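All chains are identified by letter, namely A, B, C, D and E, in their written order; residue positions are counted from 1 within each chain.
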Amino acid sequence: MTEPILRVEHLVKHFREGRHTIHAVNDVSFEVYPGEAVAVVGESGSGKSTMARCIIRLERPTAGRIVFNGEDITHHSARQMRPARRMLQMVFQDTHESLNPLFSVRRILREPLILHGLNHDKTQILGALEKVKLDQNHLGRRPHQLSGGQKQRVGMARAMITRPQFVVLDEPTASLDMSLRLQTLNLLRELQRELNMAYLFISHDLSTVRHLCDRVLVMYLGRIVEAGRVEDVFDHPRHVYTQALLSAIPIPDPTIQRQRLLLSGETPSTRQLKPGCGLQDRCPHVSAECRVPIPFYKVSDGHVAACRLAKPPIIEEKL
Amino acid sequence: MDMTEPLLALENLSVTITDNRGQSKPILQGVSFEIYPNEVMGLVGESGSGKSMTALAIMGLLPRRAKPQSGHIWFNGHDLLTLSKREWYAVRGSQLAMIFQNPRAALNPLMRVGQQVARVVRLHQSLKKRAAYEKALDLLQQVGIPDSQTRARAYPHQLSGGMAQRVLIAMMLACQPRLLIADEPTTGLDVTIQAQIFELIKTIQAEFGTTLLLITHDLGVVSEVCQRVAVMQDGKIQEVATVGELFAHPQHPYTQHLMNTLLRVDRPTNSRA
Amino acid sequence: MTTTPDTGATDQSPSLWLSFWAILRSNPLFRYLLRRLGLAVLALVGVIGVAFFLTSVLPGNPAVVRAGPLANEERIERYEREMGLDRPLVVQFADYVVHLAQGDLGESWSSRQPAQDELRARIPATVELGIVAFGLTLAISLPLGILAAVYQGTIIDWVIRLFATFGASVALFWLALIGIHLFYYEWDIAPPPLDRLTIGTEEPPSVTGLFTIDSLLAGDIKTCRDALNHLWLPAMTLALVVSAPMTKMIRSAMLETLDKDFIRTARAVGLPPRTIILVDALRSAFIPVLTTSGIVFGYLVAGNVIVERVFSWAGVGQYVWQALDANNLNAVRGFILLIAVVYIVLNLVIDLLYSLLDPRIRLN
Amino acid sequence: PATAQEEKPQIIIAYDGDIDHIELMQFRSVAAYDATANLYEPLITQTVVANDSGELVGQAEFEGAIAESWEVSEDGTVFTFHLRQDAKFADGTPITANDYKYTFDRAITGPGYLALLTPFMAIDTADQIQVIDDYTLQITTNRPAALTETILGFQVFGAISQATASANATEEDPWAEQYFHQNSNSSGPYVITEWNQGVEYVFEPNPNYWRGPEFFQNSATIFRVVPEASTREQLLRAGDVDVALGIPFSSLDALKQDSNIAIHAIPTTRIYHLGMNNNVAPFDDVRVRQAVSMAVPYDAIIENVLAGYGQQPKSPVSVGMEGYTDEYWSYDDGDLEAARALLETAGYGDGFEIDLTVPQEDQGRVDAATWIQAGLAEIGITVNINAVPTAQFSELLYSHELPFFIEQWYSWGNDPFYQLTFNLKCDAFPNYVNYCNPEVDALIDAGTFSRDPQERADLIRRAQQIIVEEAPWAFLYQPDLIIATRSNVTGLALFNDLTLRYAYLGKTE
Amino acid sequence: MLHLLLRHFTLLLGSTLLIGFIGVAWIGPTQMKYEPEKVSRNTYERPSKDYPFGTDKFGRDIQTRVVHATQLDLRIAFTVALISFAVGSVIGAIVGYYGDWLDAIVMRGVDVLFAFPSFLLAMVITGVLGDSERNVITAVTIAYIPYFVRLTRGQMLTVRTLPYADAAISIGNPSWRVALIHLLPNTLAPSLVQMSMVAGWAILDTAGLAFLGLGITSPTAEWGVMISEGAQRITTGEWWMWLYPGAALVLAAFAFNLIGDGLRNLLQQ
């Protein structure tokens, strides 16, 4: 394989809130290769956005390393980061609030070009618009004159216009309708193919992930609990949390009757973290082993899970 | 399906809303459907299709600027649209109740949750203060709040969304309504919690026999929870069917379109190569 | 929250105190108060500095004022020396701060009395007027604000909003003059605009300094009635002007609250409208209104300066006006400090109330 | 007599200002001046005579107060006072020559400004006052002085109890100033029984006053602080006060319509002048000063600012003072041609621009400035009115650099030489126009220390001639003192010092 | 249409009034027969043909003075509102965006200023600076700057956490551009409301100061000065002296308040 475009090593991000420390991201490592779409899934508060914000350096990581395109950007200042931003873009979660309400579409799209000293004549902007399937007469509009889907496409155009190599998409479809969502996903796929970008696609909607991505990272309480190719993880989840997550999703098919794996209780607070598995208080299969740090067990090629149930029964074979 | 008298019948309901500029626009146009006792009725449709407005019209809680233009809402032999303000207060809560999305905001932030449930108990079951509180604790227990004694003393902001929704459900149980409307009760909750809440709703529905109108835009939820379903688009009902029929043979083009845009987690979507 | 250790406690083991302290410290409300108190002290230090240096550059030499029309250089110099004005400003400031630390605001240069005594003597009049005006303000603006919000968009709302807007546009001194002219002079409903009691009426024995309360404590209904009689017109004048912004604030807070989800829930479960408005909505709406009370306080104090002048009301407002005119700097500074302290304390109290009223604040 | 006291009415006076303090030698406020006049009794006092309108006006003659009688030596330098044996302080202790000695010591060496007054009596040191025995006091002046009696009659030389003073004196405060700020051991007719700063002061007859209870026409006089003028008026109209001070001239005509109100407009020698700084261009040129003097619209000011309640002085000596003459006055109102010509010759043919500084609290001066502005505009002088707070005004004046201002003066001594000494002698501190003419100085000195009326008259004529000619001031107006009372109030008594003597105030039914 | 009119009635009424006032301030002075400060011997004339609003104690035409005062008072109102808004917003934006110790220091300072009622603050500052139009403007402006600092800072604290702030950074904006170009304009809406309120308050404060003899003083034609001159005559029946300038003052303040209310309504929708 080629060099990864992004390498995240032991990333930690803590927030201080009064006397408390919020353990938003705890020791996360992964790589993203050019042209691939990696999904990050997990429930609300699991640290997905925080991780993404660290990667594009909207936050300063507490510990760990972020290497983008071979350059360690972990400790870059805002000024040092600026050149890198051309290649490292983000599409934001909230379609409505990620566009400056006072700027016209033209201005929104022109700004990144100007900032990075790129050619910013009309053809560039029109080209970008065309890619996201908007037309010229949207140029003069302000965000409030656009529908939700259109706004999201403007946001995508803004991220893509500098032809970045890597784009973080933080739940780009969360606030969209089903049909819009599908359109958007298809558009993203086209763009990716066309521009050969790598995606880090954050979502808690697993069905969209299945539709768009190559690999998936499952996060819980700021840790990756399972990772692997989408088919592997979704069809053969090994971590109890992944299993619960998948089984909780209603399937629009009345003919299917599933046995649901219900977790008891709720996600614990990120203020204090217990060592070991994050799910230890909710898991029906919990054992003493879960209360000490658990390594990743390899399930298959590229598929790992941090759960004792995924532990390969090697020892027994030896005996 | 029990095809006796419907509990609630919307007949040709039209509602218009007047915007800031004084222009009125229809938001519900000739909406008709029935809900029968003890069933779980689903109402699906895209955002803005008028699902919430339908629910609010039934509750008599339409925003000030929205006015019913024509039609009837038959409930118990009365047309709800003709009720006076005073009569409404006899109907709301005791006959009809509703839970909303964003449960934490739906609770009074300045009152302990136990008190909030208790005062509804007192209102509808004419109990003494003490007894009402005891009853409230019972209800909290029933909706699966562990350690309800302590939790009852919490303020809404100290509860998670899931817990808050349970409190709201307890509050509605205190009303003992004939019809409960749930407007996207799990939006904004995590999937695992969402699953818990739906389990709870199903149990309660089975136990108390409450009639339920469940509003959602998620066909998955419909297929798992509802018995019958109405599909809305642009303020109109496009199709009413049992869940089985709907998924097997969607009649209306719009319903078919909805079916086509479904993404499924249990298997790769056809469109992905 | 207050912990006044009695003297006998000293022979108790210190660890008890330490642990008590630890418990206190771990109480988030207490910690919050402690921090607020720290900030308040900081702000106060700022006020002292600003007050001192700002007033020091007021044009006019106080020694000159004191020397009077038969002045000569030698006398002016002597007074400057006596009043300490010949020293560098920084030294004067240091001296001021040292005295301040002992509760000494310095001499009021016109009457040659300690400024703190004079201020203290004036405070009750202002407080009494302020409280009654504030009470009237609430009495006017609460019902109006609630009515306007509940009947939003109707003619009631219109009238109330117009009243509020108009009230915010009226010059207080103008209103006061017209009020006196009409109520006292033309119609003879109000007593003469001359301080707090009718001439010749004995002041009640001072307990709180508030004549209405003191006279009641002394069981003297007549004096109380007299005090009230003198109070209502100035208080009403102030209240009319202050209730304009207050009404608006209450209205918009109420509107915002009535729009909240939990109000909809309350309606959906069939709670009667009165409960919803007076219990659910009002209590919530009161929180934002409370936070703006500082501004209302500002209106009241500023209004007091004018009202006290017009009604010959011997409060601190009139006092500072005279002091400013006579370059009586210690008095002006004392006044500024007084206002600042009251304002800061008020804000502390508001914060405290706020955290009592709003459980969301309590734990953060 | 106690019952008789109670039948007497109470008099309520609305004051336009507050008392600062009543320390006899340092108070500043006009109100305190009234108060101390009723608290302290000097050796001798002016006689009063009722005029046509029933006001009791102080005369140039003196009668004994605490001094029963006195003799003046032939050369007019030795004054021997025989004190009343029955005069007592409010605390019942007798008033003795020692107390007066103490008072003069305090005035000459102690705090306050009185050391500025004693030179008029040709007294420099405290030694010149001697106690002969308990009831005999001798004052020896350096030379005969015209104003010795006048000044001895000032209330500020009223008896202070030495015993009270020493009882309250401390190391840092040897003259017991602190004590006397709010306390007095009255030697005069009243004692303050209620001290409520900023609100009200109650004066009740001093039970030990030597003239006895019959002297008092009221059982108490209540002094009320009412800052707002229109409020005072309304109070008077409604009968809530008996006397109101500081009523604006412009209200008088309307008030007069009210038959229950009597307006007492008492001509005084208080003189307002337009000061032109002789050291500062363009006023260093006498022709400019004269031109200004010609262009001021005197009539308009008196008519509008004073509503006619006042008179126009035509010399630095006030109208009504002994020796006043208008014969040298040559600046008739409206002689604009002459004024322009003078400016032309002085090199200001195109006029000039100048700030006219006035204290903003004095509405009369601000208004007068407006008329002056209009008048001077006619001869091409652009006047900007600069109304500043009193404190600042004083400071500016005291710098002696203010070019153009309106200032006023009132001579307690009601004497032209006294007036000129303070105002126009070279280097006199209140000579804010820096006028200096050695000849005038010599004239003033001679007059001050002459006890010969004719000589004094000649001297002052000459002085007026020079000063009017050199026009350091434009003499603006002398306002009447306005005291508005309910019409049933009687006994309005005024001395030279223009303060009310409360004891005379009474009421008819 | 009627509905629309009613909805924005306050804004419409306020703007109409204000435009009227601006018109008077603009054209009025040239239309007047008299000079505002020109004294005459026709003092205390009742309103008549010659003097539609009567004359004052200097025989000056009150109508002329009210009209000239309109210009002065509006100028004060606008200048105060604009400068305090401009200065306050920029400070607030910077402080709100960069936060930290800068925020702590500046906001403590603002707290200190807030500890004084703005009118008293203006009173003391005018006392320090002396009386002139410029000084009144300075004093009142200083008194109101903290309002805008607070408001903008508060807005900034919200706005800077919004996704479009992050978006602005992520496309490579330097931080000053984020603060001043992207975010500041979005914080201004409430300040606009505040501005029109402040304009109204500025007029009232100026008049209040004039009543206390501070700031603008006689003979300048200013409403507050005229009212306090009239107030001295409140008992003697020259009602025209205080009525007309008083009405002008109240109406002008009313106009600004109406506009403020109207704007707020508009923004809240």
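Following the convention adopted for this analysis, a contact is a pair of C-beta atoms (placed from the backbone, for glycine too) under 8 Å apart; a residue touches a chain by one contact, two chains touch by 3 or more.
Just so we're clear, the structure is a prediction, and the values are computed from it rather than from any experiment.
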Subject >> Labels of chains that are neighbours to chain A and to chain C >> reply: B, E
Original post:
Measuring centre to centre, with centres taken as mean CA positions, what chain is farthest from chain C?
Top reply: A
**OP:** Go through A-E and C-E and name the pair with more C-beta contacts between its chains.
**Re:** C-E
Original post:
Greatest Cα-centroid separation from chain B: which chain?
Top reply: D
Subject >> Centre-of-Cα separation between chain D and chain C, whole angstrom >> reply: 41
Subject >> Intercentroid distance (Cα basis), chain B paired with chain A, Å >> reply: 33
Subject >> Approximate Å spacing (C-alpha centroids) for the pair chain B, chain D >> reply: 89
Subject >> Distance between chain centroids, defined by C-alpha means - chain A, chain D (Å) >> reply: 90
Original post:
Going by the touch rule set out above, which residues of chain A reach two or more other chains?
Top reply: none
**OP:** Mind pulling the residue numbers of chain C that touch at least two other chains?
**Re:** 58-59, 177, 181, 185, 309, 324
Original post:
Multi-chain contacts in chain E: which residues touch at least two other chains?
Top reply: 127, 130, 231, 234-235
Subject >> Residues of chain B that touch chain A when the two form their complex >> reply: 46-47, 160, 162-163, 190-196, 198-199, 217-225, 243-244, 247, 257-259, 261-266, 268-269, 271-272
**OP:** Could you pull out which chain E residues touch chain A in their complex?
**Re:** 162-164, 166-175, 182, 185-186
Original post:
What residues on chain A touch chain B, complex-wise?
Top reply: 43-44, 177-179, 181-182, 185-186, 204, 206-208, 210-211, 231, 234, 244-256, 260, 262-263, 266-267
Original post:
Along chain C, where are the residues that touch chain D in the complex?
Top reply: 58-62, 64-73, 75-76, 110-113, 118, 121-122, 177, 180-181, 184-185, 188, 192-196, 199-200, 309-312, 314, 318-319, 322, 324-327
Subject >> Touching residues on chain A, where the partner in the complex is chain E >> reply: 53, 56, 58, 78-79, 82-83, 85-86, 88-90, 92-94, 97-102, 111-112, 115-116, 155, 158, 162
